[in-house]
Structures are given as structure tokens and as C-alpha cells.
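Handing you a structure now.
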Amino acid sequence: MDERTVRRLLADVRRGEVSVDRAVKRLKALPYEGIGGFAAVDHHRTLRVGMPEVVFAEGKTAAQVAAIARRLAARGPLLVTRLSPEKAGAVRRAVRGATWDPVSRTLRKGRMSIPARGPVGVCCAGTSDIPVCEEAAATLDVMGVEVIRIYDVGVAGLHRLLSRREDLEACVALVVAAGMEGALPSVVGGLVGKPVVGVPTSVGYGASLNGIAALLGMLNSCAPNVTSVNIDNGFGAGFVAGLVARG
Amino acid sequence: MDERTVRRLLADVRRGEVSVDRAVKRLKALPYEGIGGFAAVDHHRTLRVGMPEVVFAEGKTAAQVAAIARRLAARGPLLVTRLSPEKAGAVRRAVRGATWDPVSRTLRKGRMSIPARGPVGVCCAGTSDIPVCEEAAATLDVMGVEVIRIYDVGVAGLHRLLSRREDLEACVALVVAAGMEGALPSVVGGLVGKPVVGVPTSVGYGASLNGIAALLGMLNSCAPNVTSVNIDNGFGAGFVAGLVARG
Amino acid sequence: MDERTVRRLLADVRRGEVSVDRAVKRLKALPYEGIGGFAAVDHHRTLRVGMPEVVFAEGKTAAQVAAIARRLAARGPLLVTRLSPEKAGAVRRAVRGATWDPVSRTLRKGRMSIPARGPVGVCCAGTSDIPVCEEAAATLDVMGVEVIRIYDVGVAGLHRLLSRREDLEACVALVVAAGMEGALPSVVGGLVGKPVVGVPTSVGYGASLNGIAALLGMLNSCAPNVTSVNIDNGFGAGFVAGLVARG
Amino acid sequence: MDERTVRRLLADVRRGEVSVDRAVKRLKALPYEGIGGFAAVDHHRTLRVGMPEVVFAEGKTAAQVAAIARRLAARGPLLVTRLSPEKAGAVRRAVRGATWDPVSRTLRKGRMSIPARGPVGVCCAGTSDIPVCEEAAATLDVMGVEVIRIYDVGVAGLHRLLSRREDLEACVALVVAAGMEGALPSVVGGLVGKPVVGVPTSVGYGASLNGIAALLGMLNSCAPNVTSVNIDNGFGAGFVAGLVARG
Amino acid sequence: MDERTVRRLLADVRRGEVSVDRAVKRLKALPYEGIGGFAAVDHHRTLRVGMPEVVFAEGKTAAQVAAIARRLAARGPLLVTRLSPEKAGAVRRAVRGATWDPVSRTLRKGRMSIPARGPVGVCCAGTSDIPVCEEAAATLDVMGVEVIRIYDVGVAGLHRLLSRREDLEACVALVVAAGMEGALPSVVGGLVGKPVVGVPTSVGYGASLNGIAALLGMLNSCAPNVTSVNIDNGFGAGFVAGLVARG
Amino acid sequence: MDERTVRRLLADVRRGEVSVDRAVKRLKALPYEGIGGFAAVDHHRTLRVGMPEVVFAEGKTAAQVAAIARRLAARGPLLVTRLSPEKAGAVRRAVRGATWDPVSRTLRKGRMSIPARGPVGVCCAGTSDIPVCEEAAATLDVMGVEVIRIYDVGVAGLHRLLSRREDLEACVALVVAAGMEGALPSVVGGLVGKPVVGVPTSVGYGASLNGIAALLGMLNSCAPNVTSVNIDNGFGAGFVAGLVARG
Amino acid sequence: MDERTVRRLLADVRRGEVSVDRAVKRLKALPYEGIGGFAAVDHHRTLRVGMPEVVFAEGKTAAQVAAIARRLAARGPLLVTRLSPEKAGAVRRAVRGATWDPVSRTLRKGRMSIPARGPVGVCCAGTSDIPVCEEAAATLDVMGVEVIRIYDVGVAGLHRLLSRREDLEACVALVVAAGMEGALPSVVGGLVGKPVVGVPTSVGYGASLNGIAALLGMLNSCAPNVTSVNIDNGFGAGFVAGLVARG
Amino acid sequence: MDERTVRRLLADVRRGEVSVDRAVKRLKALPYEGIGGFAAVDHHRTLRVGMPEVVFAEGKTAAQVAAIARRLAARGPLLVTRLSPEKAGAVRRAVRGATWDPVSRTLRKGRMSIPARGPVGVCCAGTSDIPVCEEAAATLDVMGVEVIRIYDVGVAGLHRLLSRREDLEACVALVVAAGMEGALPSVVGGLVGKPVVGVPTSVGYGASLNGIAALLGMLNSCAPNVTSVNIDNGFGAGFVAGLVARG
């Protein structure tokens, strides 16, 4: 049932061809989908306002990703995550003007233009966690949020972290990735009173349990301003931090 | 927004006091709750047709349970589960005509009158799993489904199980509870081609991991007609089997 | 020992050629298999009535699957599950008239002709869970049960799910596959009062623990009409739903 | 080394009694604690600006909590969490003007006066999760952030949730508590494009694993705006949401 | 249906009062239990020959245990395990001549008289594991198997273990209980070429995970003659070792 | 220090060249290894009497296995386990007269000649568990123990198992392999009063957790004559059963 | 067999009453215990040199602890750990001069007098971890090693930790206890190049999994000088650090 | 803010151009990084004194490792761990004079010259654990600590271990690697009163859980002188043992 149907019903009511009782009864019988279509509760638009169109490329073929990406890119800024080098070529050809970044393995086109209240910091201890950080940074970039990268700050070398305090404090929110014991979000959270989104990474071996150890570390953080997302979920962390930055 | 509001709007349309355009616009603006109340998509009624009103008493005070139970008992058949002896008295006083059963720890009043296609069998190997079975049986009873109890049939004493084959085959569905290795549903499922709802119980010790071992046993059943519910969830198993029996 | 042997023994007793004592002794000595054959407890026939012949191809060579499949196809409808493209060719050549489907990775031939009480709905949120759903659908198809596919309905986009309520309510049972948090069966179970068989899928990463998170979600469902099968077990879910549909 | 020491050193430098070289050398030798005290890197103040003084009472004696609470209450707004009825009396007597709430088990005194950008919604499906929600609400209250309670909205009864959409959209952030399968944050996150802080609760039994199932559900949320805190950590969730609300 | 029924049927056949056809039909209709009773497949007798009647008292009331124990004691040697001091009195009064042992928490009466091929050694490192060992010893005692106790032999004090080698070698099988890291069965298994039944005990704390660590230690034993039973299952270990001793 | 040293010392004592005091002192100073070598406690011989020389080939190169196998084959019967087809050729060339079996992936040469008290049964439900069973059978074969294979007996098709009861009862011990829910050892253990060594196999998927589910099933067996070895450890199970058969 | 036996044998050899051959044979037959007693390989003395006599009181009765403690106190310094207030009285009365400390729940008497190379630091973040730290400190005290307590240093408040750097660097080894995310040992390990023994504590809730999260944090430490002991094992950590301090 | 800034400020104070009050204020405002740079708390130097420069090569490209290694080799002794044969060539070419060892997969150049108090023993049961041991040995070698290899000593063959007691006792610390049940550190720890660093290895299958079983074994060691590092972490174990040896 679409708007036309409702419009016709109301016209019938107006003309006296349908009684109020009968109209009430018919409206009551509206299946949800009709209501969905008619009453315009397209909540997805709500979300879309604050987020780019996103494709999770893992487990999809290059052709599938290319098709979806092309369609979405027509509607607004586009972000493709977990796009391997093998598939990147095909997708780039499908979406003119898109750029692919080998570190974050993201493909992007366009940028949201919603004003943000300030930059988001993206932090980690080093080389291995950078891809996850860059996925967060790419997400923030497409959301139109400025990113400050703070990439060489580990808990076993505090002076480097302390030397970046000014940067940390300039941010409205922080994404902090960490593998192994996952303690960096706690330490950062203790330094600055901003929301810290921890991203456990699957970096480590043995008892790191592919990131579970780091995840538990973040969930048990002694700093109360730390929350956590799934292992290696740079996109999710960046997205939440971007929403915070938007206000 | 309730029916009255819609009714008034339609009357206004009829009288020509509100244009069709404007009425469409106002209907579009209906918040979901209005729609919920008005458009009568009370899906809960759908469920309620097939189920009694149920209260999970664990973690609630006797007074809380009594208050909820009294209110629900006014609307139809009532089932209170996990009702300890300590709380049972107060609840019985609150709901006239209700009976409490110490084995299943359920309190019941009334019975649905929807016809069932056949009885449901409730099976276990012995003493310790009987309370869970009786919770399932109590649920089926309130749903108006006949129950066949098959209670002394374990996988380490097959002859007892085999001697009840005729009973098993008379059922349209089976609830099979088992602790320890949780193999009984597989064996029963191999004997009769009916849906078997396995209920792992927390009976056991050590590596039974409070029912996890039995749960894994049921999830990995080599009999394809076995599904599983949560540990000790006699109510859920009985309810699903009752829905199957209803057809 | 078959019926003939018993018959001959009884004839001997009748003719007085074998004493009652001796006959009792010989009957006592019947091994179980004799009893099995004689006393006609061929429970396998019971099961077979309601199910096609099924081969789980994973872990078997193409030659092994082909040999088994040919033999079974001679007895009735055939279903081969988890049949990879590499092996499919050999098996198809072995079983004339069989068709192989690349999405569900099943090979089928024939259909049961037992009447069903109604269709079974097969639901999931999207692309990644479709192969598991199609395995369930293939199973239902061979069982002779009609399938309604409801494939683009996720918990983070409720309007699509709500728009399919009429379809959901037309079904006598539902198979609902979900990876990640595995919440879809709970939401579907809350909408319709029918048995819902949840199939956790191994879709996800990190803390999805290869489907364990989704499985736990289903086992802890707040909707009491949800049961669960093993991770990715589309066949089992379809089979149980088919049994329910059969009545 | 405190400010006086530095001041005296500088005075000496000024008077020419200590050379610049020697002063540099002495400043270099400052142990960190001196620096800590002197150089005013009181990062705690940073945090404190946005948060009340908080005491976690579990595992401390009434006397210990009372002593700490009195000292902290002298410095600003006070929040004591996990304060059981047994200890509450002693602590209330120690802190004049404090009020204790039996549902959230918090004791509060005072309120921050930092302006917030909007209210925070606190949601759950019902009775059992309310204490955790109230802990979050108490935290937000002491932070000076308005709270909108949305307490009867479960995933197995979507109409109640949908009827509160307007409230959900009025919030700048949401705290969503859920036990059992933990799906509510995903569903809420799909409805509104705001940061959602999920709080898994230990409500449930068997395979709920004391909240682990709910936690995994939130970490694997298909809604990208969901992050998670530790099980039953209402305070942490409220605090982070409060920081977001502050901007 | 018992032997008498069959006998009467055969006599009727003999007398020509019942036709062969009819007799075949009646025999076919024998329910399994009849077959069980008649065709002498009383496999339980098989087991019972080698084992005492056993009652697991945990989770049963004193009255229940007393009733079962009295009935079983009439049939042969009796063993009640996990019988707490609180319940022991009532059970002892019910079974004349039974003795209760506070360390193993077993109640015993009588002894099997099947000859064994040799003694069974029961070993552990010390005080905390002795109750489990004594449960095994009590089981062996009722089975009529001689027990050699070797109780002060830990892996961190090898000389005591080595000094008991002669005793170890005199045994036909060994029960070895160990908590904590559970390494004793491996070390014992490396010393003597006999079947070693490891019993992990729940002794330990923290990462002992209530005996799981010890269990894993035994399952991963580098000595190939080690098998394992459930945590704290002294009865099971004693029973299996007793079967080995019996030959 | 070897025998010669002791002998020379004693001769010196005898000749009066070394005093008793001094000899005592020197003997006291004997390092353990001397004692090991001298005092003839070659416990390894003890073990070796009952077992063939065994090589675990996994994780070793073909050359390493060949070298070890050649050396061991010179001392007695040889068994190489987990020997892949790729390495088998090189090892066969190194050990003349050895035969390699592709199903059990074992290479064997020779046979112990210690008399056994009876055959060992090796059981499983079908195709996938046969390699593990054959590893057990190969081990028993080299130990000189007769094997009865019972390979098509699953818990979801009891009649096949019951028809093999006579074979089961002929055995002095049973090796029972099972994947998925791992219930077969419990059922077999309930049928015959002999030691049953369960071998969980890694056959299954999803919640089978690579054999952990089957392992838990066996550890929680309701049949008290079941013990368990590590997942897929056919060798260990065969070896223990062989020791039992030896007596 | 003790020294006297050997001495007599040698005397017999000397007197020519026993031949060398026969003496060799008799010595060969020496059971290990004889060798153990005679050959003086009392390795326990080795350990005892560096450690006090220790009793783990948990799971023992007051009477048992008192008896053991009295016996051990006669031989040297005594340490009783995990001694609850209820049992402390009886044990103190049994061992004159012993003192019991309610925080560490240890009872001590005497002190080793082996010189140490320097003090050991014992660190934690606060109140809840102090009992575990004090158990380590008590152990070090009885070992005669000086302890530096550093008790208010958490990862979410780095300035307090940094202000104690001089103390940290004065130590030859560090015991660092931490619950929740267990990150303190990593941070301390990054500050000073000394062996750090991490003690995870069971402090925390929910996803702390009773200390498992902290344990995993320490095992995955990014500081390579961190090792770990069992959860709450203050004694073990103190003991190892004491051995390091001893040199 | 660097030394020059402070120097200039002090000069201004001296010249009277800046008041003491203002200088205090400016010093207070010093960001941490300034302090870090100025106050010369280069704690990394502390660590570096006792350790070589180390690169963890896993997860880095050959080019990345080569670049880092060349830079570090210029500053002191170099150790590269987890360097696969594929990458080794490129790195060797980058660092003149470095040698690569295929067993430990380490590349080394140079040696620290800090005197050690004694050798460190490196122990395991055999072939499979040797690579981990050699990684520890390589680490110790670069630290300038002598290594005693004790490589054929398993818990199921104690005589070999006992024959090496003298070597064990000569060491100031021990690294003990073990897979499977991980019992070797306990046995070694019971023999010698020195710090034992256990390294669980991922050697094993099935219930070894990739080294978790061995790890749990070490954490639950009944020998109090055992600590543990992460699975397969030979470098960490060697490094800690080296620190102990250094004193």
C-alpha cells in the first residue's frame, strides 16, 4: 500500500463514498510494509546522513563489489573496506574517481560535508597495528572528520606517548588500536578525558588468541572512558568516533 | 496517536475541514507508536494465541511475581516458571485457583483450548533431569497439549529406551533432556522421525562445564532431526514442541 | 534369523518335533540382529519415510560420493550436501538426472511426495548467509515442502523485515540463518508464533569466533519459540522445519 | 620537590647565587615526582573536569568507603557505585546530604555544572536490566546530563521499541543494556545514527555464560555505531555517553 | 512379556490351539522389553557381574539415597559415592552392616568375589587429592581388587616417587590423581608399562580452571599409556582399573 | 659411572686398597646418571617389553623419520604413525620389509610376540573415523594383539550396533572412536562390561570445535567404564587397549 | 636400604665373605629409595637452602595446618599462606613466636639469613591488589630479602608511577600485581630493565573472567622482561623474585 | 621544549627580565614532552644497557626488516627473531657480518659485554621444542650469557633428566620449553632451586589447543620457582633468564 492508495481512500472519505468506520478499519488492516512505505519512517536515511555508503568487500567477488560500489557511488560518498589488491583493480575501474589505499585496503570516493566539532586522534604502538588505524582514518576521512595520526606510542615506551599529550588533548575523541595485551587504550584513557574507542587487533601469537587477549584488556580497562569494538574493526571504531566528532 | 485521533481526522476530512493533502501529511507524520496502537499490528496477540501468559520468577521478588501473575491471570491461562518454594506461597495467595508443583517449580492456572495434532513425548534418563522435563510438561499442559512421560531411558541402558519405542512413535514431537554427555536426543532422534528438541541440563560435574558439554553434544548430533535450546530451558523446549503439536 | 526360521521352528513345535523347552532355548539365543530382522523394528524405515537419502560430501572423495549417491538414488529421492564444484562433475555423471546448485553446493534428484501442511520460510539478512539458507531450501525442496525465501531482512534495518510480515505469517515453520550477533531469529520469533529454527553461520570475524557468538545469541534468545542447530547446518535446519511442515 | 623548591632555585638564579648551568643541572635531576607535583601535569584534573569523584564500593568495607567518600565529597560531586544496602547506612552518615538509591545501588551528592549538548537515552528490555541502566543514569545525573529512560523495549516485541523512536532520536548518545542474546543495541543502532554504548548484563542462565553471550552479541553487532563496555558496567557506559553529550 | 508367556504360547502351538501364523504374529508384536526379558539380552547382568551396585548420592536427598541403597543392597555388594556427612547417618541406618568413610565420602557394604589378576596402585602427590584417591580405592575394594596406596609422590619431588617403583611395578593398573598441572600420570606412565588412568582433580586455583588444566595435562600426556576420566571422578577411574585387574 | 667402575671399586675394597669408609663416600657421590646406568633401573626396558618402537612422523622430515626408523627397526618391531604419503616412500626405502598403509597412515615392520588374553574391538560409526580406528588397529597389530573391526555402528542407528553385540562381548577391551557428539563410547560402554577407551575425533564442523565436543562427551560419559585419550589419538587408544589385552 | 646396609655389604666384601660379583648384583638390586636415602641426592635440601618451609593452608583444617606448621617450624623459618582469620588462632597457639598478618593472610616465624643482592619492589595500583602484594612481601621477608612497596601506581594515572621511578630502579627484581586488564607489569617492564614477575589478580568483574583477562595481558606483554605466575599467586611471585635477588 | 629553552628562561631570570613568578608559571606549563626531552629520563637507555637491539621479523617484509636491522646494527648488538629462510637472504645482505641460523630462525650480529654471574640452562624433551630453545639460546648469546643445552630430557623418561642434574645445578637460571602437557618445568623446578622460566610450545595436537594446555600446566606448576611466558616465546624466556644471569 503506497501513498496513492491512502490518498484515494481519503478522497473517498471526503466524497462520502467511504464511511469513517470503514476507513478506520481499512487503515487498521494496513500491513507494516505499507506503513513503512507510506508513513515515511525511512530510518536508514537518518543513518545515511551521518555516514558514507559502505561496502565490506571480504567474502564478495570483485564483480559483486564493483557492482554494489558503482550503484552506491551514485548516491553519495563511498567507502569500500577490506578490499584486497587482487580485487581493487576491478572495483576502481567500476567507480571513476575512486582511489584505493594499499595500507588500509580501502577504496574511497567523495567526502561528507557535515561540519565536525574537532579532529579525532588515531593511535597505536607501531607498524603492525597501522593498517587497522588507517581503516579508521579512511572512514573518518570519508565522514569529513579531520584525523590526527599518533602512531609510535606504546605502553612499554611511555615517553613517546607523553610527548604527544598536546595532540591527544586537541581531539574530541580517540581511536586507539592495540594488539598483544591491549593496554594502550587504558593508558591513553588515563591521560585525556575524552571518549576512547579501543580496537583490539589480531596482532600477536600464542596466548593472544587472535586478539581476544587485547579485547579482554580493553573491556576490563581501569580507565572508565574506554569502550571497545570487535577485533580489527577499524571501520567501526572510526565510524563511532566520527559520530562523536559530529556531535 | 490513538484510534480516536485518526477517527477525528477522518471525520474532518469527511466534513471537508481538512484537505486530503493535509490529511496525508498528518498521517505520514504519525509516529510509529501511533501506528502501533492504531494500525493494530499487535503481533503479540499472534504469539499469545499459541501460548499462555508466562512469568520467569527467578530474580524477581515474591511480591513482584505475585503482582505480575495476578494481572496476567486475568487475561488467560497463566504459567510461572522457576518459582522457588519460598516465593510460591505468596504467589498462590495472589492468584486464586493456581497450583504450584514443587518438582517443576511451576505455578499454573488454566489451560489453552487450541486442539493439538497429537501428544508430545518428554524423555530423560532419570532422577536429576526430571525437574527440567516437568517444566516442559507443565508448559505443554498449559498449552493444552497431551504429554507422554518417558523418564528412565538412558544411553547406557538401551533396552529400557527400546522398550518405549511405541510411545515414542505415538508422539508428534519430542522433548529430550540430558545432562553429562547429552547423547540421549541423538539416540532418540535416530529411533523416530519426529522433531526432537534437546534440552541440555546442568547435571554433571567437572568437564560437564555446567551443561556446556551436553549442549555441544546436542548441537553436534548425528541425528538430523535434533535442535537445541539453552541449558535447563525446559520451558522453551516444551513451548516449541507445543507449537509443533499445534500445527 | 528371519521370519522363515521362526516359522519353521514353530511348525516343528506344532508337529511335536521340537519340544517347548528346546524352542524356548532357541528363541532365547536369538541374537539381537535376528530380533531386529524378525520383530520388524526397522526404525530406519520410519525415518526414511520422511526424509530423502542424504550424503554429506565434505571429507569424501568424488569417487566415494559418486558411488554412494548412485546407490542411494536407486532407492528414492537423493540429496548430496557440501558438494564442492570440483567434485560435482563426477557425481553428476554418476547420477543421471541429478542437478547441482553452486550456491547451496547441493546435488539433488527427485522429490518426496508426502503432503505438507504449509510452506516453510527461509530468512537471512543478506548475501553471506544465503548459501546456508539455500542448503536449507534444497533440503526442503527434496522433502517436497514449499519454500518462501525472505533474504534481505536484518536486525539493523527493521523496516525490510516488517514489510515481509505477511509472508512470515503464512509459514508453518521458519528457518532463520544469521552470522555476527545472530539476533535475527529472536526478532523473527518475536513477530510470529511459529517454530523458528535458528542456524548460526560462520560469517563474521574476530569475536564472532567462527559462529560461536551467533550460536550463543540464538541459544539465549528472548523469544521462546527459537531453537538452534549447529553452525552452518542449513541441512539440519531445513530437515527439522520440513518435519514440522509435514506434521 | 615542590613549587617552593623551584621558586627558591629561581630566586637564587635571579640573585646570581646559582649559575644558569647549575640550575639547568639541578632541574634536570628533578625526579619525576617533583615534576609531577610542580610542573602541573595534573592530568587527573583534565579528567575530573568531566567526571565526578567516583568510588567503586564492591570489595571495600563500609568504613573504607565512608572514609574515601567523605574525603572526595569535599572536593566536588560524589558518586559511589556498587554500594550494597548493608554498607549504605554508614556511608550516608559519613557524607551529609548524600542520597542512596536502592535500585542502582549508587550514592550521590552534588552535580557537575558543565553544559551538555543534549540528553542521553538509557534503554533496556525490562525489569532485570534496570539496575544496570539506573547505574548509568545515576552517573549521567552526577555529570549533569539529562537522561531519557526507555525501559520496556525488547527485540522480541518490536512495536514497543518503534513507538519510542522519537525519544531515541532526541538523544545525542544512547546507553543500551541487554542480557541474554544482547541484540538490543544492534536494533537500536539500526534505528538511530547516534553513538550507542552497549552494556552486556549478566542476566540469563546456562549458555548466557554470565553475560559473555550478550557481550559477544554487541561486539559482533551488524550496526556500526555500537561499541561495548564490560559486563554490568553501567557506570562506564553512562560515563562515556556523558562525555559524548558534553562534547 | 516373560518366559512364561512365551512358553504358554509355544505350548498352545504344540497343542494346535494356536496356529503358526498367529504365533508368528504375536511374537512379532512383542515389545522390546518383552524381548529384552525373554531373549535374555540382559546386558546389564553382564556389567553387574563385574561391578557393585552404585549410587551417586550428590543431588539426591538422604531419604532418596537410603531408599535406593536399601533396595540395591538386597541384590549384592553396594557402593554409595559422594555421600556427605549430613546424609550418611540416614543411609547407614537404612542399610544394616554398611560402613561410611568420611575421607572418600563413600558408604560400602559387601565385596565382589571375582578373582583379580593383581593389585591396582592408587597414587597422588598429597593431602588434597587423597579424597579422590580414596573414592577410587573404595570402588576397587567393593570390586574385590587389592589396592596399593602411593600417596606422597609429586612431580616436584621425584625421589619419593622413584622410591616407590617396586610398588608401582607390582600393579596391573594404576589410578593416578593430580590437580594443578596434572603431570603425575605422565611421570608414572613413563616409569611403568601398565595402563594408567589419570583423574584430574579440581584442586588448585586461578588458571587451574577447577581441574581443566589438569585434565588437559593428562589428555596431552607424552606417555602413551595414560587415559583420562572426568575431573574428580575417582569412582570411574577405580572402576576401569578394577575391570583391567579382573581381566 | 658404569658397572665396571663399581666393580673396580669393590675389587679395591676386597683387596684392602680402599677402606669401607672411603668406598661409602665414593658410592654416595655417584651422580644419578651413574646410578641410572649401574643400578639397572632401566625402566624403559619395562615399557619396551610391552610396546613396539614408535615414531610420530608429523613435524619431522622424511629424512629424519627414515633415519630414526632405520635405527629403531634394528632393535625390534617398528611402528611409524602419522606418516603422510609424501614421506612414506623415503621411509619404506630406508626400512626393508616395512609396509605402509594409506588409511591409517602407519608404517609397520614386525610384531611383538607377547601372548594376549583376547582380541580388542575397534569401533566407529563410519567412513570419517576409520583412519583413526586403523591407527589403533595398526598399533594393536604390532603389539601382537588380535583386532575385531566393528565399523558401521552409530548411535543414530542402534540396530547395527546391537547386531554386533556378540563381537563386542568377545573382546577384552574396546577402542571406540567418535566425532561430532562423541556418544558412541557411552552406548558401547553400556552394552559390555569391558574397559572402553574413547578416542574423540576431529570430525565435525562448527560447534564440534575440532573434536572438543566429542572429547567432552566422552569425559562426561554416563557409562563408568569409559576413559578418554586426546583427539585423534588412535595410537594411544590402541596402545592402552593392547596393554589391557596383554594383562 | 640405608648407609648401614651398604657399609655392612662393603665390610663383607672386604672380609672376602661376599664376592665382587655378588656385591655388584646386590647393589644393582637396590631399590631407588635405598639409593635415594643412601646416595644422598636429597635435592630437596637444595631447594630448602633458598626457601622457607611453606604451608598452603587453604583446604586444610586448622588442626592439620597447626600440626604441619609446628613440625616445620622446628626445622627453620616458617611461612603459612592463605591462612584465614578463623584458623589463624589455632595455628598461632601451635607455633610460639609466630605472627599472623590479616592483610596477606600469612603466618610467619623466622627469617632466612642468606644475603641478597638488593631489594625487590612489590607494586600494584591500589587497595584491592594489596593482599596479593603483601603475600609476596611476606614471602620475601621470610627469605630475608628487603622489600620496597610501591602501591598506588596504576596505568590510568601514570604520574604516580613515574614519580616512583627511582625506587623501581633500585630493585633487582619486581613483583607487579594487577587485576582487570593486567597492564601494569608491561608499563613497569618498559620503565626498568629488570626481571618483572607479573601476578594477575582475580580483581575485576564480568569479562575479567576471574583474572584470566589480566593473565592474558601479562602473557602478551609487549615488554620482554615480564613473566607471569598463576592468578593471585603472590607467594610464587615473591619466591621467584627472592631467588633472583639471592643470585 | 628543549634544554635551550630552559636555559634561555633561566638566563632571563638571572638578568631580571623575567620574574620568578612568571618563570614558575612558564615551567609549570611545560608539556610532558618537553620534560621528557629535557629532564633526560630516557628510560630506554636503561633497558638497552641490558639488551640487544631486537627485531621481530614476523609480519614484516624482508625490505622492512632489512632497513630496521641495518639501522639498529649501527647502534649495538643486533638480534632478529622469527626470520624465515625466504627473508633471511635480504637481511643478511643488509647487515654485514650478521649470521642467520635456520633452527632458531634468528639473525645475529655482535654480543653484549656485560659480565654474567653464570650460565643459563636451556632444556626440552626433544626435537620439536628445539627451535624455541634455540631462539632462547640465541638471545642469551647476544646478551653475552653462556648457555648450557639440555635437550633430551622428558618427563616420561626421568633417567635422562636425572643424569643431567649436575648441569642443571651449575646454572643461575633455567629456560625450560615444553609442549603437550607442559610438565617439564615443574619437574626441573623440583630438582633445582633456581628461577625456571617455562616456555609453552605449540607442539601437540587436539586438546593441546596450540600450546594452551602446556601454558596452563606451567601456570599451575606445583614447583614455586616456575614462571611462564607466552607460547613459543623463546626470545622472552631467554631475555628474562639473561637479565637474571646478569644480576
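Each chain carries a letter (A, B, C, D, E, F, G and H) given by its place in the written order, and its residues are counted from 1.
By definition in this document, a contact is a pair of C-beta atoms (placed from the backbone, for glycine too) under 8 Å apart; a residue touches a chain by one contact, two chains touch by 3 or more.
In this text, all values refer to a predicted model and were calculated from it rather than measured experimentally.
Between the contact lists of chain G and chain H, the overlap consists of A, D, E, F.
Here B-D and A-G were compared by C-beta pairs in contact; the pair with more is A-G. At the interface between chain C and chain D, two copies of one sequence, more than half of the residue numbers in use appear on both sides, so the contact is built from largely the same positions. Distance from chain F peaks, on a Cα-centroid basis, for D. Chain A and chain F have centres, each the mean of its CA atoms, that are 55 Å apart.
Centre-to-centre separation of chain B and chain C, using mean CA positions: 24 Å. Between the CA-based centres of chain A and chain B the separation comes to 38 Å, rounded to the whole angstrom.
Looking at chain H, residues 32, 35, 41, 43, 157-158, 162, 165, 190-191, 206-208, 212, 215, 219-220, 230 sit in touch with two or more other chains. Contacting chain pairs (ordered by label): A-B, A-C, A-D, A-G, A-H, B-C, B-D, B-E, B-F, C-D, C-E, C-F, D-G, D-H, E-F, E-G, E-H, F-G, F-H, G-H.
Residues of chain D touching chain B in their complex: 127-128, 157-160, 162-166, 203, 205-208. Within the complex formed with chain H, the chain E residues making contact are 125, 154-158, 162, 179-183, 186-187, 189-191, 204, 206-209, 212-214, 216-223.
Residues 31-34, 36, 41-44, 58-60, 64, 200, 202, 210-212, 215, 230-233 of chain E touch chain B in their complex. Only residues 3, 6-7, 10-11, 13-14, 16, 20, 23-24, 27-28, 30, 32, 35, 38-41 of chain E touch chain C when the two sit together in their complex. The touching residues of chain D, counted against chain A in their complex, run 43, 46-51, 54, 117, 165, 169, 172, 190-195, 197, 215, 219-220, 224-230, 235-237, 239-240, 243-244, 247.
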